[in-house]
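Chain IDs A, B and C follow the sequence of writing; residue 1 opens each chain.
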Amino acid sequence: MSTQSLLQVQGITKHFGGLMALDDVSFTVAPGEIVGLIGPNGSGKSTLVNILTGLLVPSSGRVLLDGQQISGRPSWQIARMGVARTFQMLRLFPALSVARNIALAMQHALPSGDLASVLRLPSARADDVRTREKALEMLALFGLERFIDQPAAALSIGQQRMVELARGLATSPRVFLLDEPAAGLSPPNVDKLIEVVSTMRAQYGVTVLLVEHVMRVVQAVCDRVVVLDYGRKIADAPPAEATTDPRVVEAYIGLGRARHA
Amino acid sequence: MRKPVSILLLCLLLLLLPVLGSGGYLLNIIVMIFIFVILAVSLDLVMGWAGQISFAHAAFFGIGAYTTAIMERDLGTGFWVNLPSGMVVAGLFGLALGLPALRLRGHFLAIVSIAFQTIVYLALSQWTSFTGGQYGLSVEPVPGFQRVGQFYYLALALAALTVVLAWALTHSRVGAAWQAIRDDEVLARAIGLHTTSSKLLAFVIAAALAGGAGVLVAHHIRGVTPDDFTILVSASIVAMVIVGGQGTLWGPLLGAVVLTALPELLGPLASFKLVIFGALMIFMIIAMPEGVLGAWVHRRRR
Amino acid sequence: MDSFNLFLQFLANGVVNGSGYVLVAVGLTLIFGILGVVNFAHGEFYMLGGYAAVTAAYFLGWGLLPTFLIVAVALGLFGILSERIVFRPLAGKDATNAIIASFGLSVLLQNGALLVFGAQPQTLRLDGMAQTAFQIGPVFLTGQRVLIVLATLVLVSILMLVLRYTWTGRALRAMAQHPMVAQISGVHVRRVSVVTFAVGAALAGIAGGLMSAVFMVQPTSGSMLVLKAFTVVILGGMGSVGGAVTAGLLLGIIEAMVSGYLGNELRDMIGFFLVIVMLLVRPQGLFGRITERS
């Protein structure tokens, strides 16, 4: 129960009917750490991410953010408490502009309220200007400033993933959950991703929980790696150790065991 | 730059119509158009912006209308007190329906709204001691606006205010949140938007505006009867929003004009008019599912 | 003793009305459950069935069975026509569009009937058994009312047998449970659509014909009925014939009890309150399942 931990996952278990998706998973994340969450397909990573961000409720166990319980709360509340996320399947508002996509994520934290916005008060307009500036700053990290007023769907998949990162980062999150950000990215973009994740920690002090399949990214940025297999935690160590751990190797290669996709 | 000029000319025409000496028949139709503009524009906030379905709009329309009729009868108050009152009462009913109903999606939300609409209609037509039953109640004209040429400006003003309000809402953070909910509610929640209260806001504002339209219509036709506020009227308003083009500002406006004016132009007999109205609804939905505005924009892009 | 007899009479009346609901709701649940179409003109099929029966019996002087055969065929054709002209063009689109179109159809048919038949209510007069009064224990029922219950029993049984044992029936059930899989397995979607509409309209038409013997038929007969039929469909579970039967009879009985003991004004409202409660507590209805269609 170290007060150093920002995120504490305590005994999370999740059933879906008869299926046990997560079985007593516990780990912590310290402020400023970049922790990887890896495991073969079906190991429960997505389920855990959805529990951490409020899309699912755990069957038992709890998650604490800086000592406050977040598990069981609705997703909008958890987001407002400082947990940002990207989605495995890439989720943006495709018809809305990049600027609007980012602004919407920042909206709840603006000091001027909705009423001020409707009445077009100066305080609201000042906030809107600041929001746009922040969005530009974020997009500049990825070199995407020129797309700011384009509809999100007009960008390539790689660029859209970057916008998702920009969206999360713009909210100055305490914890940023990245759900397979490297999926579908070309190698130069993967390099870019590694660079950006490192910058997030170095420049913005963001704590990151990274779910990833692409081992290159995990090894390059993660301080520590938590490995899941069939819903259980089987390792919790720096990447070099974890990837050579025989249990982890066994889980991935599955000597003699069938793996489902 | 032709668009703003033609709009200006249209506004000028609208302002001068009564003065130009047009007959009462035409002015009456246009007053009804103004009333349905309020109804269609307000419903579009719920449907085209917040992305919900509601077949209960005529119920709020009726609640507003009956509020003014009953207040006039029992409290002796007039239009200027009853207008905000009608809006508040309708808004409260909107809250009462919205709180449980907005948890449901798609088909189910539609059915709950239909059930609510029907309950209101049945209450209005059967609670005879309070609402006058099938015969309804009579309503006094508004002093200073007794002639249709005068009432015209009252209706025009309220319709214009509604459009301005809708514009202000949809072009603010409130409207941005609605668009987000409409496009992907799960994502909207994941980025911190309180989607339930946002949807509820659309619902309540729309209900209040419909109530206001109800107060207006009550003083226009000098009475209220349950058959003016049936599920068919609700469906017509939905049709106006869809036929005109959801989620745009001019769409519902256009839809209100088309579906209110066209039947008048094409059929003299009451029943004949309605047969045409029904056929029109079918035809327009099949031919233009994205609405008149949507189809027009589509054709311009090519 | 007397109050018990009264209760039984209410019960009997409830079963009669409920049977009418069942016939209309069964067709609606098939259309709603299989095709995902909300058809507000379904009440007009009922109303037109009433007029068809009156016309056939009155003006053509035909007897009971031929009259209802005509009604079934006429309304079946009507259903096919509606499907072809109104609903098929909207098949892939947003569900709200079909709902609006069906309202348009409802207005068209209602006012068309007004123009053709006039506003004056008309009754179907059936000779013979239909006129006599039956006494079952302490309960009195006229022949027309007994006929409604019998017809419902027969028709619904036939329908359930057809659904279970014929190829068409299985195709309908497959469509209701899993439209995509059904299509891949070779179910002819358009044919299913046409058959469903034809059967649904025919059943509603027969109900309308039967009810026109007890109540009168007028152009507006269908408008409240279709709303009640929808509540029955939701209460029973979309796409469930057994659900429509159970919920239809229950609604008829509950309405009769409410009307008898609490007053007539509340009778029509009770179904709508029940449906709101059901949707909040158990949206899939009594016998429905949470299917892939949301």
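We take it that contacts are C-beta pairs under 8 Å (C-beta built on N, C-alpha and C of every residue); 3 or more make two chains touch, one makes a residue touch a chain.
Here the structure is a predicted model, which is why all the values come from computation and not from measurement.
Taking the mean of all protein Cα atoms as the centre, the chain whose own Cα mean lies nearest is B.
Using mean Cα coordinates as chain centres, the one most removed from chain B is A.
The chain pair with more C-beta contacts between its two chains, of B-C and A-B, is B-C.
Taking each chain's centre as the average of its CA atoms, chain A and chain C sit 52 Å apart. Chain C has its Cα centroid 32 Å from the Cα centroid of chain B. Annotation: 43 Å between the Cα-based centres of chain A and chain B. For chain A, the set of residues touching two or more other chains is empty.
For chain B in complex with chain A, the residues that touch the partner chain are 168-169, 172-174, 176-177, 179-180, 183-184, 186-195. Contact residues on chain B toward chain C in their complex (touch as defined above): 53, 100, 103-108, 110-112, 114-116, 118-119, 122-123, 126-127, 230-232, 235-236, 238-239, 242, 271-272, 274-275, 277-282, 285-286, 289. Against chain B, the residues of chain A that register as touching in their complex are 53-55, 74-76, 79-80, 84-85, 87, 91-96, 100, 103-105, 107-110, 114, 117-120, 124, 167, 171. Touching chain B in their complex are the following residues of chain C: 38, 40, 86, 89-90, 93-97, 99-101, 103-112, 114-115, 223, 227, 230-231, 234, 238, 265, 268-269, 272-273, 275-276, 279-280, 283, 294.
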